[in-house]
Amino acid sequence: MPETVFEVDVDASPEEQPDPIVNRWHPDVPAAASVEPGDKFRVETLDWTGGQVSNDDSANDIRDMELDPNHHLSGPIEVEGAEPGDLLVVDILDLGPFPDLEWGFTGIFDQENGGGFLTDKFPNARKAIWEFDGVYTHSRHVPDVHFAGLSHPGILGTSPSHELLEEWNERERALIERGPNDKTAVNHETGEDEPPLALPPEPNDVLLGDMDDEAVEEAAEKAARTIPPRENAGNCDIKNLSRGSRVYLPVFVEGGKIVTGDLHFSQGDGEITFCGAIEMPGWLDLQVDVIKNGMEKFGVDHAIFKPGNVEPQFSEFITFEGYSVTEDGEQHYKNANIGMRRACLDAIDYLSNFGYTKEQAYIILSTAPVESRLAGVVDLPNTCVTVSVPQAVFDFDVDPDNLENAGGVDRGTAALPD
Amino acid sequence: MPETVFEVDVDASPEEQPDPIVNRWHPDVPAAASVEPGDKFRVETLDWTGGQVSNDDSANDIRDMELDPNHHLSGPIEVEGAEPGDLLVVDILDLGPFPDLEWGFTGIFDQENGGGFLTDKFPNARKAIWEFDGVYTHSRHVPDVHFAGLSHPGILGTSPSHELLEEWNERERALIERGPNDKTAVNHETGEDEPPLALPPEPNDVLLGDMDDEAVEEAAEKAARTIPPRENAGNCDIKNLSRGSRVYLPVFVEGGKIVTGDLHFSQGDGEITFCGAIEMPGWLDLQVDVIKNGMEKFGVDHAIFKPGNVEPQFSEFITFEGYSVTEDGEQHYKNANIGMRRACLDAIDYLSNFGYTKEQAYIILSTAPVESRLAGVVDLPNTCVTVSVPQAVFDFDVDPDNLENAGGVDRGTAALPD
Amino acid sequence: MPETVFEVDVDASPEEQPDPIVNRWHPDVPAAASVEPGDKFRVETLDWTGGQVSNDDSANDIRDMELDPNHHLSGPIEVEGAEPGDLLVVDILDLGPFPDLEWGFTGIFDQENGGGFLTDKFPNARKAIWEFDGVYTHSRHVPDVHFAGLSHPGILGTSPSHELLEEWNERERALIERGPNDKTAVNHETGEDEPPLALPPEPNDVLLGDMDDEAVEEAAEKAARTIPPRENAGNCDIKNLSRGSRVYLPVFVEGGKIVTGDLHFSQGDGEITFCGAIEMPGWLDLQVDVIKNGMEKFGVDHAIFKPGNVEPQFSEFITFEGYSVTEDGEQHYKNANIGMRRACLDAIDYLSNFGYTKEQAYIILSTAPVESRLAGVVDLPNTCVTVSVPQAVFDFDVDPDNLENAGGVDRGTAALPD
Amino acid sequence: MPETVFEVDVDASPEEQPDPIVNRWHPDVPAAASVEPGDKFRVETLDWTGGQVSNDDSANDIRDMELDPNHHLSGPIEVEGAEPGDLLVVDILDLGPFPDLEWGFTGIFDQENGGGFLTDKFPNARKAIWEFDGVYTHSRHVPDVHFAGLSHPGILGTSPSHELLEEWNERERALIERGPNDKTAVNHETGEDEPPLALPPEPNDVLLGDMDDEAVEEAAEKAARTIPPRENAGNCDIKNLSRGSRVYLPVFVEGGKIVTGDLHFSQGDGEITFCGAIEMPGWLDLQVDVIKNGMEKFGVDHAIFKPGNVEPQFSEFITFEGYSVTEDGEQHYKNANIGMRRACLDAIDYLSNFGYTKEQAYIILSTAPVESRLAGVVDLPNTCVTVSVPQAVFDFDVDPDNLENAGGVDRGTAALPD
């Protein structure tokens, strides 16, 4: 087992951790640990909410969650010798839950507090608890489903430079100021109650590791929220960034300053319920190396990666397609979100044939290793999106050809907590 | 070999085919053939351009293509007993090129005539010719690449009812009238020279099978263009709709009236160069069945499908990610197209390390079995898209870890025709 | 379509073919065609029996088959410039049945005429006819099973030199003379009615292409039977030698002289019923190249190959294991055949839970893409063999966990013909 | 983490463990732990040698190993309510090395002490140490190779009844008495220095858990060795019996009495060097259930299993074939071992083109996830075996088509210890 360079205590509050939590991106957060190229090391992480969710049957904790202090992350880990322009080569050797905390949660956020991809259809908070059975998971709130986890860190990134941070703040502020372009995918029914377009720096509840209090006060005005993925990878939520993957991360500051967390036991493409993966605290074992001047050598300015080859395999899928017309018949221009939305809604309708509530179906799409693809992006005005559900995640026969045998089972009895 | 119910002659013009071509969606096109549930049958098709492209080294035919008469399709095939509300079960038993026409083409359209996903970066017409070697293909215009085709029909659909057709026309007209919402993914640099938002009915160059001339004249005003995918599946361009796939198609008119064509020897997710697959004329063998009242039974209002299990398999990929910020730093709101664009641009830059021109790299992404996923759709304001390139399509070592061995080969010498 | 260099006529007898059939290995058979390195070409083949089996419901043709004239093969194809010590690089570009003969057959041979792997358990002739539905197949004699074919040539080889032929004859004669070592896997119950140990040259029914009659008479005394695989690959019956595979074949005579045939639409590992694949006449498209002095360069003295990547994929299997103890409790020494036998017998027993007769189950194991592995070869005295049956080849739920739902269906009603 | 029901101490001798070790099969070994149907529990195990091998660069420990006390196993675990005729359903939830012992070993045994599949070619002891990097492994003794482990227990079985034990002893004794049938695969060159045909009960070094000394003395005369797999599964060495697999084990005594151990981080089909997997101590998490009267219900008398779907995936292989003729030209009758031997020898020769010693190549075949198949078992006298090596386990280009670039690297410098 590699040496642990960042430790957490899941029984303590985020403010009282053995190593200090980070919940914003800022270049000046002092390194919590330092490693050399070639080193293998373990990083422990809280779940992204910092422990706000319990293993019980009520969704009140989802409904009432404090969102400002998220995500609760571990780092920065400084790599000796890494300089701006280099690439870090980060191997995700392995990751998992803590031995005595083998459960995770998925939440549907309330429309008034967080929302989600289909929040207009699913406005109320819901929660499902998942138990981990080694490589598999199942949930008392979603019966007759079990699947192997495609576990990954939702967040893995390097720290931005001051210049890059400024750029982030400016471009996101500009979006907020110039207003929405096409937000119909999210909230097409009301037209009024818009979710935020972007999240500007939020000085409340800022945690910046070991930075001293005075510095924090200043930094908090500029430190970027961790919600969106950006140049540094960050909250990319790529389900295939799993065990055995290699990531090439751009370096923007001396040492690179890796920050990571938001571990997912499993997630479908899109992570559609927002708190949509199976969320958990846990550990990840990393190994790092440095490619000097790698950004120029590779000719890329985003992170790139090579997925590992131990992903769960499936040979039978049911595939739903959607395109850029809302279910009310409004035509949008090449809007992939609406395509995704329509495909998801059809999948949810299909799964409810088997006795699931729509909330359960929504959660299955968000957590199981569902494949969502941009099938066609040039056939104006409709972008075609496919959502493919692996049949083998169900313990019963979910194939359309045997649909007539589906009837009569009520899988909603073990309903989602409210 | 199943009986051929629709025949084409690739040496004749689209107007002079053995069975009459269709290039618009309209309910009243007379059935060209009739089949019974359970029947297996063969449909021949022209390439989507109706033979406008030659196997040569000039892209003039791409540059000067007449776009109004596209796509050139085969059908309608009527299924006896199918009624509105039913689902057709269509098995794609097999498909392929004609025995003496074992080549296909990929085009980058000129910005002034068709464009494509990255048309602002690639404004000039280009063409690549691909030869078919049984299950594999290679191109004299893109050396050192070969891969097995994931062949599929770009277009497979049922005919709309009058009501549905009217709905299509109205919603697309409304989009054109209310103007662009967020078109930056396509043409973010100019802001002026916008491509069309949608394609309203175009009465010129209309082909409606055996419909009599007078009726055509009237129908042409309303018949829908075949570019976008819609409720009837249509131009869905789903690369996984390949050999052995089963499609469940909603029925809107008596007999369902299947229309198909636009065969692709291979395509990457997105079909990004627009004429982006490896396009070919050819044949497909189908089998149909009917599920009475299937739309209600299944609870879906789009087509759904089950992909076959003989897709080419790959175990090593290089994955690029993008999100909703243009390369000029403009922040957009959850725009997946921009994520796709950024990931593609990075992939193109990466591949040019190996001696390819950017046009060649663009064509590789568009034709090889590239996987493009909506990785995260809830992390506002950035939607995260990944584009995964299978390493085994290259005859040389394309792995980032051996990049230092890449130098010195100029694969652009066999350049794309101009 | 590549040029056809070897043509057959399925309506004519083997003796009256457009190009003359070969059914023995001999260096002096005149080349039927000549190709150059780099050439693509088509070879047509009869089914291995030369047309002795009909698409009907009687197994009499299997029972009464003449075995001496088998296999009926196409070739030799001479590759210009190939010399002993070279390797031929043979690409299997594609293969398939003839367009108007889309069916094949599987036979269980009578114990008195051919036998099979489990002939003591299945002593009577049986037959199943399979219809081809594009990439898939199904059989009226084995209901509720359908799967994509992993099609391949059972036989593909180069011609032996005189020296090598002599070596084959000597070593096989020596086996016949010194008698059985351990034949219990085949015929352990009787002890008397032993099948042949090997098949020495059989001068009757010899076909040697265009060789003149006098020469044939002499050659027939030495020409080797085509049943066993040998140094030249030959009847290797490797199910993964499918579309898109590349084979490296050792060259023993000038021109290499490729002979091929015995096409299989599908086969399980082992081809256990002997005529155990889904046998068919058809065509294969090949491309050849030459590696000068390749045998020394590669350091190998058998054929090697690279399987294509378009094999049908399966993610759920049921795996049976067997080891070197007969079902009567007799212990053998590291005998893999007995392990294979036991695993097959258990699989057959398992499948008969679902209403199949044991003959049907035997045929499923022999034809579907079953994986049979040498799991452990060092744990004396027992060699462990696993036989893995892909669940998705069944149209119903075959999973052990839902076995209680299996009852009551009699799938044997559509019994195997007799 | 499930409760640990069997604990080991890798720093203590096998005789001084926290829970008592078992190294023979016997029905009367007292249960070390008892679990209920539905329970999840952890079992710790020593490596199979009980700690005789060190992480160093000398193979002396392999050469001098004491073989009589092997394998060192954990159990029996009794399942409440299980009775003879039932099936145990055992889920392998997860398994792995101990956190601070992330290394394993592979040995080539000396011909005089253990031997191996190719012992006549590799008569001297060798050793390779493998380090574990999360899901991956690499070895300082076999450079430029790394791959994800397909980890599994080499041994997992239920305890035999007295009757079954008697049957084992009788049939194995009968083999020893009647002498060899066909042992050429193992020792074909000498004809004299035969390895044992089977291993009868060996009263020395017997460990039977908590059985009292007197009882042990009697039981040791009959307790069966753990080398061969038998009706109870036992030492089946099935590489695919990995994480997420479900095993159905026949029950022969009250409680079933599960015994397990011999953990492998990875193994190729066949485990050919004998100590041929990457051997390690570690833990496995199991869950059990009982199917009453399952043996009759299933109609099987061996263990069956369903492999998990998280096996490492590979898309490019190099496949070697062998058949029943020794490299000296001696023809055997359907001997799969000789086919396996020939394919392995060719693979070893091929890999030595890349600078590996033959010992290193032998070890690669034995440890990497190599696929070995019984391709054809009916083509007398030759059984055809294929050995498929996944290309991606090498860090360099191992493809035959780029073989000319292989030269000049000496990977044998980091030779195997002696």
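To keep things simple, chains are lettered A, B, C and D as they appear, and every chain counts its residues starting from 1.
Just so it is clear, contacts are C-beta pairs under 8 Å (C-beta built on N, C-alpha and C of every residue); 3 or more make two chains touch, one makes a residue touch a chain.
Keep in mind it's a predicted model, so treat the numbers as computed, not measured.
K.L.:
If you take the mean of the Cα atoms for each chain, which one ends up farthest from subunit D?
P.N.:
B
K.L.:
Among A-C, B-C or C-D, which pair gives essentially the same interface as A-D, with more than half of the residue-number contact pairs in common?
P.N.:
Interface equivalent to A-D: B-C.
K.L.:
Could you put a whole-Å number on the gap between the CA centroids of subunit B and subunit C?
P.N.:
So the centroids are 40 Å from each other.
K.L.:
Using Cα averages as centroids, what's the distance between subunit B and subunit D in whole Å?
P.N.:
Distance between chain centres, rounded to whole Å: 50 Å.
K.L.:
Rounded to a whole Å, what is the gap between the Cα centroids of subunit A and subunit B?
P.N.:
31
K.L.:
For subunit C, what residues touch not just one other chain but two or more?
P.N.:
309, 313-316, 392, 401 - these are the residues of subunit C that touch more than one other chain.
K.L.:
What does subunit B use to touch subunit D in their complex?
P.N.:
It comes out as residues 313-316, 392, 395, 397, 401.
K.L.:
Which of the residues in subunit C come into contact with subunit B in the complex?
P.N.:
Per the stated touch rule, the residues are 1, 40, 91-94, 99-100, 102, 133-136, 148, 243-244, 285, 287, 308-314, 392.
K.L.:
For a test of understanding, state which residues of subunit A touch subunit B in their complex under the given definition.
P.N.:
116-117, 167, 171-172, 174-175, 180-186, 195-199, 227-230, 233, 235-240, 246, 248, 269-274, 276, 297-307, 309, 315-323, 325, 329-337, 340, 342-343, 346, 349-350, 352-353, 371-386, 388, 399-401, 403
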